[in-house]
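You will see two complexes here that share subunit A, one where it goes with subunit B and one where it goes with subunit C.
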Partner chain A sequence: MTAMTAHVVDMGKDFSRYPAGRTDKDGKFNGTAFRNAHLIPFVKSGKKVVVMLDTGFAYGSSFLEEAFGGLIRSGVDKKTATSLLELNTNDSALREEITRYLEAAKPVA
Partner chain B sequence: MKRTPQQISRRAALRFRRLQRRTWRQGRSKRRRLRLAEDKSALRPIVELTACVAPEFFAMYQHESHKRLVGFVRKLVRLALIEKRTVEIDFRPVKKLYPDGTLLVFAEIKRILARRPGCLRMIRAATPLVDQTLCHLGLYKAMGYLGEVPSDHDDVLHWKPLSGICADIEQEIGPLIENQGRMPEKTRKGLLRGVGEAIVNVTQHAYDDPREDGTGIAGEAGWWAFIREESDQLIVVSCDLGLGVPATVWKRRWEAVLTFLEPLTRAVGRQNHQDGRLIRAAVEESRSRTRLENRGNGFRDIMDSLPRADEGELRIFSNRGCYYSAVENGHQRHDMRNYKHSIFGTLIAWQLKLQKETT
Partner chain C sequence: MSVTAAEAAEWTRVFAPWVAVGFVSVGWIVSNRQANARETRKEIRQQVDRAIKLVEAVTDLGMKVHSTALPVLGSSDMDEKKQQALIDAQSNMRRLKFSLSQLSPQIQLLNERKITSPDITDALIELRMNLMGGDFETTDQKPWPVDDARWVVMSGSCVRLVTCLERAYQLQFGPHSR
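So, the complex of A and B:
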């Protein structure tokens, strides 16, 4: 049932194997571009998003913070974000880091 | 027969005209000679060259080599961009190139030539390996030398120069580091994460204000990097010519006071700048000028790239300071240094051990 309704993002295939940076100033494959293309439209419409992270080679903190922490700053509440986001990775440190950014981010007043 | 006065005057007039024609002809050839000489000098423009002699070692960590190299770079920038002279760089004394010092010279030359094309000339290095490497890096060509300096030496061919404006690591750096077969995957991932964040720092902060090097040039951008694979280690160096960490890090009140008073202490002959300490603050305390909680993690990524390696070194040079960290047999040690001259920018050098090649 989940597989039918979830939006699956393969980082390496659908975005970039080497994502980096926060904004367009940093290059094409930045955190804001990823958030706006693959997270916000689906999460805001209540759809589950599965992010396949292992097809990306390495993630800098600025990309991860902007993509996932930025989700909270752009008006998605933490509960909705954590329930609708599924992080698919074998790297537990990477999952923990993203969870930390989701928890630490504050909504913009 | 006696000539009539009319005949005499006619002959005199003819003689006078002949003389006049000869004089004019002589004058014409003289004028032509002069004109030709003028043309020749017009073809050969007179360029007054100002010499700038490069130091023996392009290295930055030791105080003496830092002083000599940065002194040379500052003189080059002053002559070419402030005094607007045509400078002839004399590479003859250079004996050894280290990646950090060489990248600084490379970046400054590229920046100067982007602002004033054709204002730099060069005299080739006397040491063959140095000569071949400078040519391989494209510096000779950039300064108008059209010849080739062929080399099949690994020490020369393994230098890979890269540059860019934004942090698009997809193009070259990403695949180059990922495909480095003699390094464990966790080390490669850590290194790419660190290098990527170093470049993001450049695009996010380094050029927010004009560089304080006296040139008054605003609106600059860009980073430069070298990747060099040696038999036992991989060296990655990246640099920007921006504001530098000490200028962009958020300062505590006492640090701000010391920075404010620094020109006064310098005037009385004392050097007590805080650059080394401020780099350490940015690295260890993740301090950012924005003071936003979600910012300032870039240096943590850069530092984390080192413990993921079994053995290696990391050096962060910024303005007049340097932060050094090394890992050996699981032990990590740190150090910081303050120098006399500023590089007016940030240069980060990773040196990581490679596994032995299997034959």
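So, the complex of A and C:
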């Protein structure tokens, strides 16, 4: 049921093959832009988001932290983020790294 | 039923060549297995060495990237020298990203060959975070001061990953194998 209503985002096709940076100052395909376009609207409305990561290339940790850690800073609680986000990748270290950003980020008071 | 000396000699004459063939075959199988195991170990050792080389290369690149000030693109005093410096700095950043992205599949290949430990993944993530976290690839990216603690953390995570790879290899093949 959830899978049917999930928002599937293919990093390479729907965003960029070479995402980089944190904010708009750092280029068009930055972490904030990704978060605002593909994560926040769906997660905040309780929709599952499947992120296909393997079509993107050479992720910088700054991009990942901003996109996923920023989700927590923008008011989504960790439990909701963890349950609604599905990270689809063959790279287990990448998945683990993103999970750490979700866990380490602190909500902005 | 007793066997006469003549019968025993006859049996020996008939079966001795087959026994010899059996011994030779068993010997061949044993030595073939040992040779295969040795070759596999050598191949895995080469894979580990390649991964270690890459870890050291990305750390060197990280040192270059984080010690270089990025000239601002399009600034009015952009002379040829500064342009070149910008090209070099951006090229180093890209090389760092792409080299780091090669490291993860290499480590996964090692996992498939049973060179594995949760510490390796942990150390890899730590290295990635230290090399490409914070203000990396942002307009706020500044060179790290010489006495910045992040230099030590970066070198430490390089050493940790190399140690984890070596330890996982030794756990698989014994402490004295190369």
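Just a few scattered comments:
Convention: the second predicted complex is superposed on the first by the 109 of 109 C-alpha atoms of A that agree within 3 Å, B and C clash if a C-alpha of one lies under 4 Å from a C-alpha of the other, contacts with A are read in each partner's own complex, and residues count from 1 in each chain.
Keep in mind that, in the parts below, contacts are C-beta pairs under 8 Å (C-beta built on N, C-alpha and C of every residue); 3 or more make two chains touch, one makes a residue touch a chain.
Treat the numbers as computed from the prediction; the structure is a model and nothing was measured.
Subunit B and subunit C, once both complexes are superposed via subunit A, clash. Applying the stated contact rule after C-alpha superposition, one finds that A:Asp26 touches each of subunit B and subunit C. In the superposition on chain A, A:Gly69 contacts subunit B only, with no contact to subunit C. By the touch criterion defined above, A:Ala58 reaches both subunit B and subunit C. Legend: residue contacts after superposition of the two complexes on their common chain; A:Ala105 is shown touching subunit B, with no touch to subunit C. Once the two complexes are laid over each other on the shared chain, residue contacts for A:Arg17 go to subunit B alone; subunit C is not touched. Applying the stated contact rule after C-alpha superposition, one finds that A:Ala37 touches neither subunit B nor subunit C. Using the contact criterion defined above for the overlaid structures, shared-chain residue A:Ser92 touches subunit C, although it does not reach subunit B.
In summary, superposing the two complexes on chain A brings one listed stretch of subunit B into steric overlap with subunit C, and the stretch in question is 202-210; the others among 58-66, 76-84, 130-138 or 202-210 show no clashing C-alpha atoms.
Touched by subunit B in one complex and by subunit C in the other are residues 20-22, 25-26, 57-63, 65 of subunit A.
Residue ranges on subunit A touching subunit C, taken from their complex, read 20-23, 25-26, 57-63, 65, 90-94, 96-97, 100. By the touch rule above, subunit A contacts subunit B in their complex via residues 16-18, 20-22, 25-30, 57-63, 65, 69, 101, 104-106.
Interface of subunit C with subunit A (complex): residues 94, 97-98, 100-101, 104-105, 107-108, 121, 124-125, 128-129, 131-139.
Every residue of subunit B that touches subunit A in the complex is listed here, in rising order: 166-170, 173-175, 178, 188-190, 192-193, 196-197, 199-200, 203-204, 293-294, 297-298, 300-301.
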